[in-house]
Structure formats: C-alpha cells, structure tokens
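Okay, so subunit A shows up in both of these, paired with subunit B first and subunit C after.
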Partner chain A sequence: MAADGEVKWEKVLWRTQPFPDNYVPDSFLDKLRKNTNFRPYSFRGLVLAACAITQHLSTIFIFISVFVRLNDSTLDPRVLVWVTVATHVLGSIVWDVAERPFYEKHERRANRAKAVKSSLMVFLALIGLSPVLKTLTAATSSDSIWALSAGLFVINALLADYREPASVPRKEGLISVLSMNAAISASVVLASRLPTNLSVFALMLLSIQLFALFPILRKRIQAVPAVLHFTFTVCIATASVWSMHSLSPFVASLFAGTLLFVTFGGPGLLMWAQQYKNEIRGPWDVAVPRVRPDT
Partner chain B sequence: MKHKIAMIADFFHPVVGGVENHIYMLACNLMRRGHKVIVVTHSHPPDRVGVRWLVPGLKVYHIPFPTIASSATLPNYFTFLPYLRTILLREHITIVHGHAGLSSLAQEAILHAHLMHVRTVFTDHSLFGFDDAASILTNKLLAGALRNVDAVICVSHTGRENTVLRGALEPSVAHVIPSAIIADQFKPPVVPPDTSTINIVVLSRLTYRKGVDLLVATIPLICERYPFVRFLIGGDGPKLIELLQMRERHLLHDRVELLGHVRPTDVCNVLNRAHVYLNTSLTEAFGIGILEAACAGLCIVSTRVGGVPEALPPDMISFAWPEQDDVVRALGEGIRRVKAGRHDPQLAHDRVRTFYNWTQVAERTEVVYQSVVESVERTLWERLTRTRRLGTFAGLIYACIMLVDCLFFAVLEWLIPRDSLDYVSEEWDAARVQQYLNQARSHQSATEGGESAT
Partner chain C sequence: MKVFWPRRAPRTGTVYGWINGEIAVVAAVLDVQDGDGDDALARIPSTSKLIEQAGSAPHIIATCDASQDPWIVFKGGAESVDIVLYDPPQRHKLHFFSLEPVSLHRAVELPDPRAAKLLPLDTEPRPPRMSHAVNQMNSADDFAVLLRRADSREAVGNRILDWMFTRTQRSLPVIVRAMEHHVIPPARRLSSITATASQVHLRALQVVYAANEMERAQQQQGRNSWSACGPYVSFWNCVWLLLNDCILGYAVGNFLMENHVWIGSAIGAAVQWTAHECIAESLAWLDSWPVGLKLNTELSSFFHIAFLAITRIFSSAALAATPFFPSLVFLLGAIGSCSLSLLLALFTDLLTVLSLNITLSYLAAAAILRFEWYAAYALFTLFRGKRKNVLRGRVDSWEYDIDQLILGTVLFTLVAFLMPTVLVYYAFFASLRFLILLAYAGIEVLMACVNYFPLFALMLRIKDPARLPGGICFVPASVPEFPGAWRLQNQPLAPSAILSHFGRYFSSMARHYHPGRIIWRFVSGGHLDPMPSSTDHLFR
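So, the complex of A and B:
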C-alpha cells in the first residue's frame, strides 16, 4: 500500500486485490513486442533470389523448343550433339574455376578425372539406350505423352531447389532428387516420340545437361557477384524467349510475361505485403531452452 | 440471485487433467453456493454414455460425438445444436460456461446459446503463440467463437493478455480468476524428510514444452556438484527416452529415480518424499503443479515463463531463465537453502493455504455470472454486424454460419416443439437427499431392532 493510502495494482494472483477481476491496468500488454526479429527484405535481394527460378523456367522452355525442332526435323541432331558437348566442356571449365577456392590442387585433378570418366560413361550408356528409349512408348498415344510430360515438368519446376547455396555444404534433399527425376522422366517420354535414334540420343544428352548438371552449376553461379549472376539470368531468359519466338510468338510472349512477373512482379508483391507484417511476441510464447551442446 | 449453469467442455472426467479437475471443482463449489450446475461433454464409449451423475449430485450429459485427437471433438458447428437446444431448454439453463480454447463443444455452445437467450461465459486455460499454422487457425476459430461472448475468464494475467490478443476481445470483457487447490490434500509430512540427502522432485508430462531438454542438461551438473542430491522424476511422455539415455550415459542409476506415470492420488505421497520441487517448463499458463508442491511445503525452483511469476510471492520461489546454467544456479540456491534449514515447510503450507481456495474462485465466478446476467443482451442484428467485422473472409464465413444456424434452429423449433420436451421438474437437493437417507436409516435400524427383539 502506498503512503497516500492509494492501493497500487500488482500483477500477482496470490493476493486478493481491491480491484474488480476485469480491471484493466495501465501496464496491460506492456510486455508485448511487435516484429522483434523482423528484417525487411530489399528488392534487389529478392530479385536476385528470384533469378534462380527464372533460370530454371528458362531451361525448361529451351528444352521444349529444342524438342519441337527435333520433332519437326528442322534441327539437325548432329548439330545438337556437338553444341551439347561444347557447352558441357564450357560448363566444366566454369565449374572448375568456381571450385578453385574450395579444393587443393591434387583434389581438383582427381575430381576432374572422375568427371571425365562419368561423362564418358553417361555418353556411351545413352548411345546404347537410345534405340530402346525411342520405342519405349510406341504403344501410347501422343496426347497422353504431352499431358504426362507437361505434368512432370510442372512437378520439376515446383520441387526444384531454388535456395541460396549454404555456407556449409548440405546433402541433396529428397525433394530436389524428385524434381530432377521428374524432369528426366519427362525427357524420356518426349524423346520416345522422336523420329531417329540419333535425335533421341541428342535430346537425352541435352536433358542430362539441363536438368541434372545445370542445377548444380546454378548453385555456384548464385554465389558469384550479383551483376554477373543477373547478366547470366538475362542471357538465358532471352535465349529461351527467342527460341520460343520463332515457334509461336503467342507462347513466347506469354512466357516472357511469366518470366518478368517471376523476376520483378513476385518480389514487388512481397515488398508490398511486408507492410502488413505483424509478428507478436510476449511472455506467453514457448521459451527456447539454452543448453550447451557438450553436455 | 441463483443461476442455472451448464459447463460445456470436451475435457471432463473420466479423463484426468487440469482443465477436467477445474471444471469439476468449480461446479461442486457453485452447487454448494446454491446454484444449479450441469456438465455437457462428449461420450467415452463403451461405458461413459448418456446421462451420469457424479458425487455430489453433478449431472453430466455425454454427447455421442467421436473424438479426433487428445479427447477433442471435431468442430462442425451444426450437429451439436439439436442436443444443446434440448439440454438447455429442459434444464432451464440461464448461463452457458464453456471451457478450454481447443474445445470445439465449448466454442459451438457459445455460438448457439443466443438462440435460446442463454448468456455465455468462456474460460481459457492455456497460452498459445501466434506464429505457427496451427495457432493461426485455432486463434481464428477462437476469435469467431468469442466475438459475441458476454464474459471471458482467464487463469492468469499473462493468460488474459494472450486471450485478449488471440480472441480480438475488449480487455474489459476478460476477467482473471486463478484456479485453486485443496490445501488439505497437500500437507507437508508430519516428520520432515531427513536433509542428509536432498531429494529434488520433478512431476510433469515429459514433453518438449515441459522443458525436458533443460532437465536432461541440468541433472548431471547438479549430481556432480552436490553429491548428496537425488532426483525423483514422475511422469510419462515422448521425452522419457532422453532421460533414460542421460541416466545411462552419466551412470546415475542410484541418483535419478524415474517413477513413471504418477496417479493424482499419489502426487502428495511423492511430494512428501522430497525437499525441492523443480519445474523446467517452457510455457505455463498458471502452473497448478507448482502450487501443489508449495502447499506440500517444498522449496520451489522454476523457470520464469508465462504466468508462473504471478502465482506465488517472490520469496517463496526461486526463478531461473530457461538456460542450463541459470537453472543450475537457481537449483543450487534452493538446495543450499534446504540444507541450511532456512526453509520451513509448515510455514509455506500455511501461507499457500491463505492464497488460493475454491470457495473464493466460486465467489469471484459468481460475480462474473451476475454481471453477465445484468448486462443487456445483444440483438441478432448487432451480433451479425459484429461477426461481419471479424475480417474480410472470416467475417463472411462466420456470418453465414450464424444465419444458417438460425435457420436450423427454426427447423428444430418446428421439428421438436418446445411443449414436446421432457422438462426437468425436480432438482437435486442435497439437504432433501440427506433427510431421506436419515429416514431410511432410522427405519432400517427400527426394523432391525424389532427383528432382534422377536
């Protein structure tokens, strides 16, 4: 009790206080904290993070446009094989350069030998398999194949791993493996529609490049300076839109719109939605126990 | 003024727990003060079905709804109305009192009650966060249910702040009335346990929220530092395995005794074996376990979370932040205090006895009931506009539910007219029962006496 005879309200339950049970003290909700761990996104950062999605969508559309050309026989499969081999070599060099700070010299040499060996293995296996793949879905109607491959590509795009590369290397999750498998399956069913063994082989080679190897390389590219990263994204997106354009200007413009939305519209929406962020913390939250890891 | 109250909750006997016990004790004490109380809960097939009576004359209606998880029924908004209408009308109920935030029966009863012009009170027993999907959903359901409630009761000031935020309530609607304990059930032992070994007791469900990780990290350090200390751990749960592993790894089989599940009737016996009560909970609305231990004369060490700091005066409890080193420090203080004989169990018991009792809880609840009955009832239009303002989408959904509810109620009025109901005309009267009992006894002894004479 205070000196002037006025009773002060206290936040206790064990003492009966001369206040009604629904008395609202001045200190009501004074422990409430809003948005304590809130750190606003920057538009630049969001756009850079969205670049991974743009790149992935672009690769899918590059693949589809190549398939359509092979199917129409407007693209010589031999050219495609050479281009693919060339990009593979180029990609390996980029990878090697990017790996430089992480490994010792002798380690890199061993890695390089391993990479060459497995590349050759895959190359030969695909040559051997392409006659089989060509007739794999001969009994299935083309309509089913288009629907199936479209579904698989959607799964691939949804499940792909777009995260920033971690500072500590982490294991590939089940989700990204599923994503890759969906894309390869889509390529297999599409390849089985093609007219010649060589075109099947060329398309499968491209598919391995784009859906198995490129995502790994993409992780490395995400770590390079932002300007380079962004320029690369613009290049690959332009290439995919351009390759679609000669097939169907309408689809190409739709696709270009989608890419623009993913790269700039999505981050813009998130920036706008940030003003509604209202994270409430208070004494009722479940505390996080602090325990030393060694015990 | 005497009220006719229906306590409605998914959580009630035969399940044992804090909410269940609270409802039962509150109901008994309100009955003792002359009010009529019934309980409506879901059934527990095969044997707890239909209408049952509990000592001392508490009528329990078991609604045949299946439960989905941890004794809670699925929210479905309409199927409860036929049961509720019949029960409220035939029992002449004037106040519906729902309990527990996750109890859909309670929430639905509060939504339906206005159709029968029955007033509503809601008691929230737990704390919830705001940041995970489950909380977001259940908080929205709660806000919808409590939009037109007449009064809310919370068990601690922290709980009140939490409920006001979750239910988007006016602060003055929410009252704080703590739970209570029966002090006679938790007496310190006549002969205090010997202090040559100090027993530390932990009684809780062994789950993450109860801070078992802290406990596992603390026990080896305490055992190493104080060779005269033993741990008694009562309770069961998914984290039991971690305690077992810790005991194995640090070879503490003779120092850490795991009692498994402790029945409510045995709690006092376990408490009476120990000197210090340790609570490592990470969230706690009120902490009835702490009160029970304090009442049994134990020295209390607890993490400073939720409503725990409000429950006891600061000189009766040692607080620690939920950090390993701080728990070790606070526990060490407690151990040294008991060891030095500076903790008086009987004094602690006598003090706690004056803090909390059920009569007081019933009195304070009565005041809430009275204010609710005296307040002006909201009209249907007012309810509808208030519900509509709940949110762009949620408001619309809840308004639709409310309108359909009204239509359903009109159909029920036609289908089961009020004059066809089997109204309760005789109430349970403890005094009259006692009188009949006495009559029967005297009659029996008279005839027995007569027989022996012949």
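So, the complex of A and C:
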C-alpha cells in the first residue's frame, strides 16, 4: 500500500483507514441501478387487457336497460326468456368449440352432458324460487332499492376477476364468488320492483346468464387472437349503448363515455404515468431470481 | 424452656404438667406438701379417656414459690424460662384450642386438577411437639379438676345430643335406609323435570346427612370432644335449618290458605294479561314495521299468526282453568305449610307451567335462528371453496360446479334478506325467556338461603368464638407478675371460612349466569336454561 503512494479507500470496516468519517469516495453509489426491470407497456397490449373490463361493464349496462324495459312493461318477459335461452345455447356451443382441442371425444360428451344437467337444474330451481324472490324486498322503498343495487353493482365490478386465463385453469376464488354474489343480490333487489312472477323469473335468468356464466366465457375468449377479441368487445359495447339509446340518449352517452374511458383513456393514463417510474435497485436489495425455462 | 402457664394459677405450690423437650405445659399448681403430691396423682383413673387425649398423665415437674428469686425450680434443672400465659379452655362449655381451622363440613373438597400439578408446599406435618402441647392444654382444665378432687361438669349440649341419640338409636338406621332406597332414587330421576322432586331429593339427602353426622358426633365425643366439633355443628345446623324451614313454611302456607281467593284470581288475571296485552299486542306491533324496520311482509305475518296461535291456545286453556286457581293456591299452601323450600320449589314449577306458551315460542324461534346461522355458515363454506370431509372430520378444499355455486348464491341472498325478520321475532321471545330466567334465579337464591345457610355456625361465631377455633396466636401480655411474657390466644374461625361452602354455591351460580355466556347464547340461538340443581357437590 505504501509503495503506491496513495492509499485507496476501501469499503471495509474492519481496518483503520486514514480517512475522515464523512469521507465520500468517487465510487459512491456507482452500483445504483434505476428501472432495471422496466419493460415499457405497449398501448396495444394495455387496450387488449382493458377489453375484459369493458366487456364486463357492458354486460352490467345491458342488464340495467333490460330491467328498465321490464319495469315499464315495454318488454315481454316471455321474449326475454327465449332470448336468454337462445344466448345460453349459443354460448355453450362457442364454449364447446373452444374446448375441442383440449379434451378427448368421450370427455367432451361427458362435459356436454354435465353442462346440460347444470343448466336444467338452475332453470328449474329459479322457477321454484321466483315467487319468493319477488317478495323478498317488496316492502323497501324504491329509493333505497336504486341505491342498494348501484352499490352492489359497483362491488361486483370492483371485485370481478379480469386476469388472463393461466395455462392451468384456476378454480373460482372467494373474491370472484363474492362479486357474483353481489351481482345476483343486486338483481334480486331490482326484481322486487317488477309486477309479475314471470318477469322476475326472466330477469333472474338473465342475471345468472350475464353475471355467472358470461365471465367464464369471457375468460375463454381472452385467449383468442387479438383482432377477434377486440371485435367482440366492440360488438358488445355497441349493443349496450344502443339498447339504452332509445330510452334515454343522455344515459347512453354516459355509458359510451365510460366505456371509451375504460378502454382507451385508462391505458393512455398508464402510459403517461410511466415516465414517473423510479425504481431504485442495487446490490443491497434481495436478489431477484431469473427463472430460466427448461430447455 | 418455654412454659405454658395457666393464667389464674397461683405462683406458689407444686407444679403438675408435662415436659416435651423444650416445651413445658403446666396443668395445675396445687398447694400441697411433698408427701401429698403422689396422692393427688393417684386420683386420676389410669383408664381415663383424658390420658389418651393428652398422651400421658401429668406428673410433678417443678415447684414454685413467688417469694424466691428463681420463682420456679424445675426438676431437671432450671434454665432460662419463657412464660406463655394461656386460659385453659373449659371443656364443659365445649371450648378448645386447635392449630388448624376446624372443618365444619364433611363434604369432600372437589380436587382441583390445577392444584394437583403444583407441588404441595406443606408436606411436613405440624411440629408434633406443638400439637402435643395443644392437646395437653386442652385437657389441662379437666386434669386440674381431677387433681383438686372437684366434680367434673358435662356440657349441656352434649347431654341433649346423647339423649337424642339414645332415643333414636333404634329407628335411625331404618329411616336412613328407607330414605336411601325408596325416596332418593326416584326423586333424583325426576329432579331434572320438576323442581319439587329436586327439593324432596335435597331434603332426603339432608336428613341422611344429619343422621350420619349425629352418629359421628356421638362417637367422636366419646373419644375427644374437639374433633366432634365439626359433625356437632353441622348436625345442629341441619336441625336448625329444618325447623326454620317448617316455621316459615307454616307462616307462608297459612297466609296462602287464608287469602287463596284473591291470590288465585290475581294469578288468573296476570296470565290473561300476559297473553293478551303483553304478547298479542307486541306481536301485532312487530308485524307492522316496528321502529320503522321494514321486515319481509310474508314471513312476518306467518310468524305473527303462528306465535299468536300458540298464545291463543294457551290463554283459552288458562281461561278454562281460572275457576280452579283459588283451590290450587289453597292446595299449594296446604302442602307448603310443612316446609318453605318445598313451597318455593312448587312456585318454580307453577311458573314453569304458567309460562309454557313463552317457552314453546322461544324454543321454536331459537331453532329457526340456529337454522339460519347454520345455513349462512354452510353457504360461506361453499363460497370459500371448501367442503366438510365427513370421513376425516375436517374442512377440505373442494372444487364446486358452477351450478352449485349459482344455487348457493341464490340461497344466500334468501338467507341474508330473511335474517332481519327472524332476528326480530327471536329477540322478542328471547327477552321474555330471559325475564322468566331472572325470576327462576331469584327463587333459587331464596331456596339456597333457606337450604344451606350456615346459621348455627355463624351464631356460634358471634356468641361464643372459643367454640370455633381457627388457630392460635401469640400476643405480648402486659401482666406485672410475669414481665416479658406472651399470651396464647385463640383465633376464632373467620366468617369467610364458615361461608366458603355456601359461597361455592354462589360462585357456581355466577358461572352459570355469567353475562358473557348469556349474551353469546342469546346471539347464537343457544338454549337459555335455568341452573340445573345438582346436589352432588354439597353432599357425598
């Protein structure tokens, strides 16, 4: 050391060094790394991911407009029942087609039989429970009903599962079941305003179709190529806005605004906020393992 | 050398007593010449029970003379002498000293499982010399009397006990056997249904207990009177409580018999008032949006009609029975004249019968609430994705089909929206049940006081504390003849020790009626029950 002339400062504490205690070397913080794991989002990826939220909100809006029409008696409940049943059949065919590459022939037949049995059970159970559900909250005043159902729909939208399907299908977690609960409760609460048992039955059937079965289909559709996915989203969004348009253009424009904001405005905001990302890492952090895929 | 000196003994004469190592206990100081000393000793019969109790007969241990300088000269040589004065307990008054508090109850202490884990602190017995000294001091007075050739006196209480024992000696085993075989088993079986049977059971147990205690007291007396104290006190306590019971029962029973007309009509009017004004009107109020709560109309009207039907049936039955209430009160008074506690037990049974509609409605409402809580809990298990594994008895994860989840959701909304209605009706009947429970508790407290209260022991404690010793203590004596002397005093039994047995009953009652327990049962729909009368912990 003495032969070099200058003693270099070393980052050790177990040796007495001829430097003052507050000495700042030149190599201070040279190992600091900023935003090492930063991968910038692409607008396209974000929009595609936000399509799931748009689809969910569109179904809520469709439900609300159908309820308003049922309440005004401008929509015949029997028509609604048939439409729901047809949509259910269509949806199960789409599901079957999408599931085809994953299962054997006999497995597919078993799955189809199980799906038919499930739908029949729910259909019959709802027929039996409709009179009870009609009078459940009949005594509550309408104002509380609107507030209660709005709150429950908000809970449903917040707690829903918008993630992409994993390679191994996950089972329903408690949170997604709770969000389905909130939506069904909201429709039960709204159904107590309707005049006849048949309209209650139709509304409940629609709500189960939209809030219990559609999220499963939506998850499946998220794996489809991007263009199809986006087109599907656009179709549903247009349908929801158009269904409200004839009743009240103001509300329809509100719907359209919300959907546009969720699909495009949200990702845009996220992209704009990325410039403020400031992640500091250094050798003092817990090591991040890099998991290599098996070759 | 520590010398236990009787306080009133003269300081001149021959000293008779015992010497145990360092402790000398003086029985008497007689003013005799040396020649007469052995004559005095010869007056003590060698087969006297006193010798057994004291361990040995007293002998001459010293001579004393108040005018000389070492005023007491011991046979074995004089050392430094510490005087402890004591008053010899008079046996005819049943006084005695005891190193440990006298136990008044034969009932065995229920072994505390926690205490068994702790190491016993007091493994070695009391210093044997001290307990010998106490025995000798207890018999000192009798020996003094014998030595002075006076007549011994016998306690009055013991004479009464002996007289009673000799009179009942033949019939006592017969009574006890009859009770044990014919009265106690059926009463015990019925005691969970009616309070009357429970009271009869308790009385029979008490009679058997008293008889056993009398026998024991009589036997112990023959050997030494101070271990007879416990059975003696409990026997007379039982007798006094029984007599009290009879007297008070006679008074109240007569009152009932004289006023049976207006009491009977008052009861009938009270029953009708409860059924109509109290319950029917409250049910109507609950059905019509009580406190602005909007209950489910259909379910509320169903509950209203159902509970009203129960009350209507009951009130029409009570109306038909109203003319018989005065004679029923008369009959109650007649039966209860012999015993107040039996009367109180009959009151409890009458209360049970008259509040039958409330009890039935409460049971129904509680069952419905329990079902609602169970349904809500089961559905929540469904939502969490778990299922009960019956084979292993635990809750496992399980993947449900979508239709099971949908059905569960619909049922959950049903349970959630019907809960307020069920809760309101349950709360009403549970509050009524709680009021009746308070009435039961009040009557039970009265019954406990009449049945168990240790009157005799408390009276003895107040009147003559020397009969109930709870230990001994030494206090400095300020006596001019013996400077620097101590005095041995009897510490009477503390009232808390006397009431401890009684206090145990109250603590079990407090545990049963604990507010936390009551509130938990109220909220979860558990059964609000009156305290089950168990006499096991009192009499074995």
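The rule we apply is simple: the second predicted complex is superposed on the first by the 283 of 295 C-alpha atoms of A that agree within 3 Å, B and C clash if a C-alpha of one lies under 4 Å from a C-alpha of the other, contacts with A are read in each partner's own complex, and residues count from 1 in each chain.
What we mean here is this: a contact is a pair of C-beta atoms (placed from the backbone, for glycine too) under 8 Å apart; a residue touches a chain by one contact, two chains touch by 3 or more.
Bear in mind that the values here come from a model prediction, so they are computed numbers and not experimental data.
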Kindly classify A:154 by the partners it touches after superposition: subunit B alone (first), subunit C alone (second), both, or neither?
-> neither
Return first, second, both or neither, reflecting whether A:226 touches subunit B, subunit C, both chains, or no partner chain.
-> neither
After superposition on the shared chain, which partner residues are touched by A:181: those of subunit B (first), subunit C (second), both, or neither?
-> second
Between subunit B (first) and subunit C (second), which does A:213 come into contact with in this model arrangement: first, second, both, or neither?
-> second
Looking at the overlay, what does A:28 touch: subunit B (first), subunit C (second), both, or neither?
-> first
Partner chain(s) touched by A:93 [first = subunit B, second = subunit C, both, neither] | neither
Subunit B versus subunit C as contact partner of A:289, first or second or both or neither = first
What part of subunit A is shared between its subunit B contacts and its subunit C contacts?
-> none
Within the complex, subunit C is touched by subunit A residues 114, 117-119, 121-122, 125-126, 129, 132-133, 135-140, 171-174, 177-178, 180-181, 184-185, 188, 204, 208, 212-213, 216
For the complex, which residues does subunit C have touching subunit A?
-> 289, 294-298, 383-385, 399-403, 405-407, 409-410, 412-414, 416-418
Can you name the residues of subunit B that touch subunit A in the complex?
-> 127-131, 151, 153, 156-159, 161-162, 164-165, 171-178, 209, 211, 213-214, 217, 220-221, 280, 282-283, 285-286, 303, 305-307, 309-313, 321-325, 355-356, 360, 364, 367-368
Within their complex, state which residues of subunit A touch subunit B.
-> 11-16, 20-22, 24, 28-29, 31-32, 279-280, 282-292, 295
